[in-house]
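So, here's a batch of structures to check.
Okay, so chain A shows up in both of these, paired with chain B first and chain C after.
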Partner chain A sequence: MSTEQAGPPTGAGPAPGGGGAPPDAAVPAGAPLAAAAPAGRRGGELAYFALRNGKLVAGLVIVLFFLLVGLFAPMLLPHGPNEYDIGPQGAPPSAELWLGTTRFGQDVYAQFVHGLRSTFLVGLLGGGVAFAVGMVVGFVAGYRGGWVDEVLNMITNVVLVLPTLAVLIIVAAYLQARGVAVQSLFIGLTSWPWAARSIRAQTFSLSSRDFVDLARLSGRSSWKIIFRDIAPNMSSYLFMTFILLFGGAVLIAAGLDFIGLGPTDGTSLGLMMNQAVNWGALQLGMWWWFVPPGLGITAIVGALYVMNVGLDEVFNPKLRET
Partner chain B sequence: MRRYFGRKLFVYALTFFIAMTVNWIIPRFMPGDPVQSRLARASLQSPEASAAMQAYYERLFGLDVPLWQQYLNFWASLARGDLGISIWLFPQPVGDIILGAVPYSLALLLPAILLSWVVGNWFGAYAARNRWLDNTVLPVGYVLTATPYMWLALLLAWGLGIVAGLFPVGGAYSFALTPSATPEFVGSLLQHWFLPFLSLFLVALGGWAIGMRNMIIYELESDYSNYLEALGAPRRLVRRYAFRNAMLPQLTGLALQLGTLVAGSLLTEIVFSYPGLGYLILQAIRNQDFFLLQGAFMFIVVGVLIANFIIDIVYVLVDPRTRIQMQGGAA
Partner chain C sequence: MSLKVRDLRVYYRTLAGDVKALDGADFELADGEITGLVGESGSGKSTLGKSLIKLDGRMRYVSGTVELDGAELPVRDSARMNDFRFREVSLIPQYAMSAMNPTRKVGRMIADLLESRGERFRALRPELVRRLELVGLGEQVLGRYPIELSGGMKQRTVMVLSTLLDPSLLIADEVTSALDVSNQRAVAETLAGFRDRGFVKSMIFVTHDVALVNQIADTITVMYAGRLAEKGPAKTVVNSPRHPYTRMLISALPEVGVSHGERRLSGIPGSPPALLDPPAGCRFRDRCPLAFDKCEQEPPFAEVEPDHSVACWKA
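And now, the complex of A and B:
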């Protein structure tokens, strides 16, 4: 009766809601059900196609590049991201200060590499929490069915229509001290619904298969069936869902930081843009202050999305270009 | 029909109820007693505002009555439309301030959402099965959806506004003018509106194009398309059928994306100091004006719920299957 069921089997999979991820991004419903060859041979085959997939390789290279920069570059710096008077105030990029300085003489490059760290951390933690909640809700609703499904579906729909950022603003505004972990937790708790929905749909179609019936007959517990029999058969789908949640969490965190509700200690890419706007970087033409942080976010999230399309082609033989 | 809309309305009512309860719980139960610290901070800013705040909190949280009664009082004042007095623009009521900002937000959001949806679908439909277009639309689309709203807004404000000097950056109209119905004022209004609109429109565009492209490819591979092609139907006809089928998930996608789009408009308004709800929220946070913040939150939730319901209605109008199903269910 509901609209979702009335449409065609929403081919291109989940339309990530709150996260700002692209609608109908890259996860076709067919993917996880395809190919169930013996594990060893399948791994080799996947690696073969993965290495020959331009999108996957390009996306992975970009993400790994920023990850390594975020991990190691801060260690090589003699000063912290928020130290004042590292160089002249408001200096454009130069050979010594690669990304110039802020109006207070802070090193933009130092802020950028430290900001990358918190970006990856928020993505991992926020995306991780959302993924965990989405999995539990999706598996239980899809496997149990009946009134459990009804109740969980209702909760999912409620959180789905709530405008995520508005809720986060209210919560964050009342928190006295905010850290990356707390921020990630709240982002995760508000951005799981679309994942739960699509995992539920997958579980639903898998749990009517013969091998699940057999597992049930053999007296396995429900959790064992879910994690041993159902989840492995949609592992590629789960992985892609996590990537989209990761990207969504990064974007939401950037928005919150930009409003000025980011971590109260340390720095982040969103916070850099917040400070740039607050201190008139636009009017002063200090483009090096606000271009790099946004570029970093766009590159990481964009690379993740493109990677996802590549992964999809690797996992789903139907989509491979011949 | 009644069952379908009844179910939807129930979810929306429940959402509203939960959102408002969150709105009540958070200031009440956050660690460190925010109410007291707000009062302390406000009394430093202006004593009158502090008195109004004290009175409001007392009425709202009625610090000496039991919790359930505090909760009922909260709903009673909501029902009266009493959202409190703003601290930032003391002594204006929060409701009035927000009603003044809503038209600006809507003027940005509605055209940006509708146009990006239409244009994005159109691009996506053309890109499917067209190698050259596909190779440009797809990467551009992914970059656009991955762009943080405020960053594109910053780039446009800097590039087109400050460097090229084509558009003003900041405010909804020139401060030299007073609001009136003259062509000069309307022109200024449009000039100030264009850049925030453009940046919202562009970020939203990519997602729709990608979604439509994927859906069209999926539809063109389905049996009915193959059958039509085997019959020798012209390509245009087949594509038209595919497009109509692909529209439906895109419509559902629109409902799912509403929250993100609203969030995007809040961020965009902040960059351009455009006096909509986003700008109010920023001012509210800066001035510790929590009544204004919570009032804006309520308006956003209600707006998103109403928009969702409108999409539900449109879905029924567009999809003959839902209609027939519902008539069948009623009979």
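And now, the complex of A and C:
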């Protein structure tokens, strides 16, 4: 997302080191303004504040932990998540089976780590699709204005007021084979409107800025103006939008799974909770069946939101505490 | 004659109707001429400047022709104007200090602009560096972000950029309004230097500041309520203005070395007419001490002596 470091040779002078001239090296690393940092070190400055931001680091650690578990733990397991009679039925957590078993003798730990995988997949795909659609619609509507904006805004508003959950339930119910990918696609296609609206608003305000006006005067194409002049100036905003969409997609997927419209060919954290409730885990006090998936979803989405707040502080000098 | 503008009318579209911000501009600019375009806010001077290079979305071209170096400028057709922008007509915007993308290095941003004009940055780079040095900037500004430059440096960078392709006509739109007095003078002199070196052929210097214009401009053009009131050599307009508006405008300016302790500077009573539905005839009529019956008809912008035109029946 940052275009700073990738300057072509045309930009930098022939002088060694190009960007920052020697006198600028005197600027202290912790200078409060992004402005004060020498040219080539803007990324370094962001990293400086990022590493010192407790919220960001804590959120990142939690998310990375679950991501790594989701990625690698399934590989280390000898059996799949839905295989029966891995252990005794309904056994509590033990040294061999860390999270116990379900009423069918399935390994809860195996389901959990596979579920983490699909949770990240849904977040990445669903959030990614919503982000892409939201960006295109938001940029075009905000930059073009006029009737293009009217039409796109109307579509955005229509999708925004659709009872999303009802639509997803109907769609999910009609699809015969449901996979994580299809589920993510539908989540992505219904959750983009707010992103589009906020990107549109940002684009509106940025496209009235002077440097965009000058770029227009030079006859540059609209796409170049959008991606070179407008988008880089809201890159932190875009990044945070993606994080929120990611978290949102995970939550919607969990909700769908929980009411039994999850993937038919695998497992997910929401599906685990669905089964736990369906087979009386609550009444039987089998907490190891429903607590881990619930905790997993809460931890991931919560950590993403905390990360988002931390990122906001990193990108916005006014919010920095250090 | 490098620039000939004939009866140029540009209106602003609003829901209430057309705001006649520029209602019939007729003037010429000689080769090498710098004209200072003065007038109060809303007199249409910025509209005139902008309409020569790019009409913005709310502006509507109504009539008139613009001829630059013998070729007609397609001012109404933004796409066709593209070929002329920067090469034939260029603009130093009012907002020169914020005209650069904060996320791109100056050199890269200039390269982008040149590339979109179909020019090769590499080929132009030596000339660019030479001109930057001319305005007191080193080559290293190209490797910096705009935020690392001071306001004056940004302004000078934009001035160099705007004139890099040697345009025939340069429009400097309120370039000095955000600067302190010493910088104003420096910027104005730099622009005059550009003309002397042949970077630009002629220039329209839009400003509020009559005193500054008097120092660098060859001629002064005064606008009032969307029309030209007077155009003539700077000395003549300042020392012996013919249009009553110009006279009152000049007499409202303080003079250096003159004590105003005893008397108050006289302003011009009243305010300009609304341009949504301007009155017929001379638009200065209501505020003019010399107004008489004939002012109900619109006075022509006529030459009263060589190179000195005034739109007033009494001139």
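Here is the rule we use: the second predicted complex is superposed on the first by the 282 of 322 C-alpha atoms of A that agree within 3 Å, B and C clash if a C-alpha of one lies under 4 Å from a C-alpha of the other, contacts with A are read in each partner's own complex, and residues count from 1 in each chain.
The definition used in the following text is that contacts are C-beta pairs under 8 Å (C-beta built on N, C-alpha and C of every residue); 3 or more make two chains touch, one makes a residue touch a chain.
Just so it is clear, the structure is predicted and the values come from calculations on it, not from any experiment.
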Partner with the higher number of touched chain A residues, chain C or chain B: B
Chain B versus chain C as contact partner of A:G219, first or second or both or neither: second
Touched partner set for A:G285, first chain B, second chain C, both or neither: first
First, second, both or neither for A:L271, with chain B first and chain C second: neither
Contacts of A:R228 with chain B and chain C, given as first, second, both or neither: second
Partner chain(s) touched by A:D210 [first = chain B, second = chain C, both, neither]: second
Chain B/chain C common contact set on chain A: 3-4, 7-8, 10-12, 15, 18-19, 21, 24
Chain B residues touching chain A - in the complex, by the definition given at the top: 3-4, 7, 11-12, 14-15, 18-19, 22-23, 26-27, 30-32, 34, 37, 139, 141-143, 145-152, 154-155, 157-158, 161-163, 169, 206-208, 210-211, 214-215, 218-219, 245, 248-250, 252-253, 256-260, 262-264, 266-267, 270-271, 281-282, 285-286, 290, 293-294, 296-297, 300-301, 304-305, 308, 312, 315, 319, 321-322, 325-326, 329
Touching residues on chain A, where the partner in the complex is chain B: 1-4, 6-8, 10-12, 15-26, 28, 154, 157-158, 160-167, 169-171, 173-176, 194, 247, 251-252, 254-255, 258-261, 270, 273, 276-277, 282-283, 285, 287, 290-291, 293-295, 297-302, 304-306, 309
Chain A residues touching chain C - in the complex, by the definition given at the top: 3-4, 7-8, 10-13, 15, 18-19, 21, 24, 34-35, 38-39, 42, 145, 209-211, 213-221, 224, 228-229, 232-233, 235
Of all residues in chain C, those that touch chain A in their complex: 53-54, 57, 82, 85-86, 91, 93, 95, 98-109, 111-113, 116-117, 121-122, 125, 139-140, 142-145, 147-148, 158
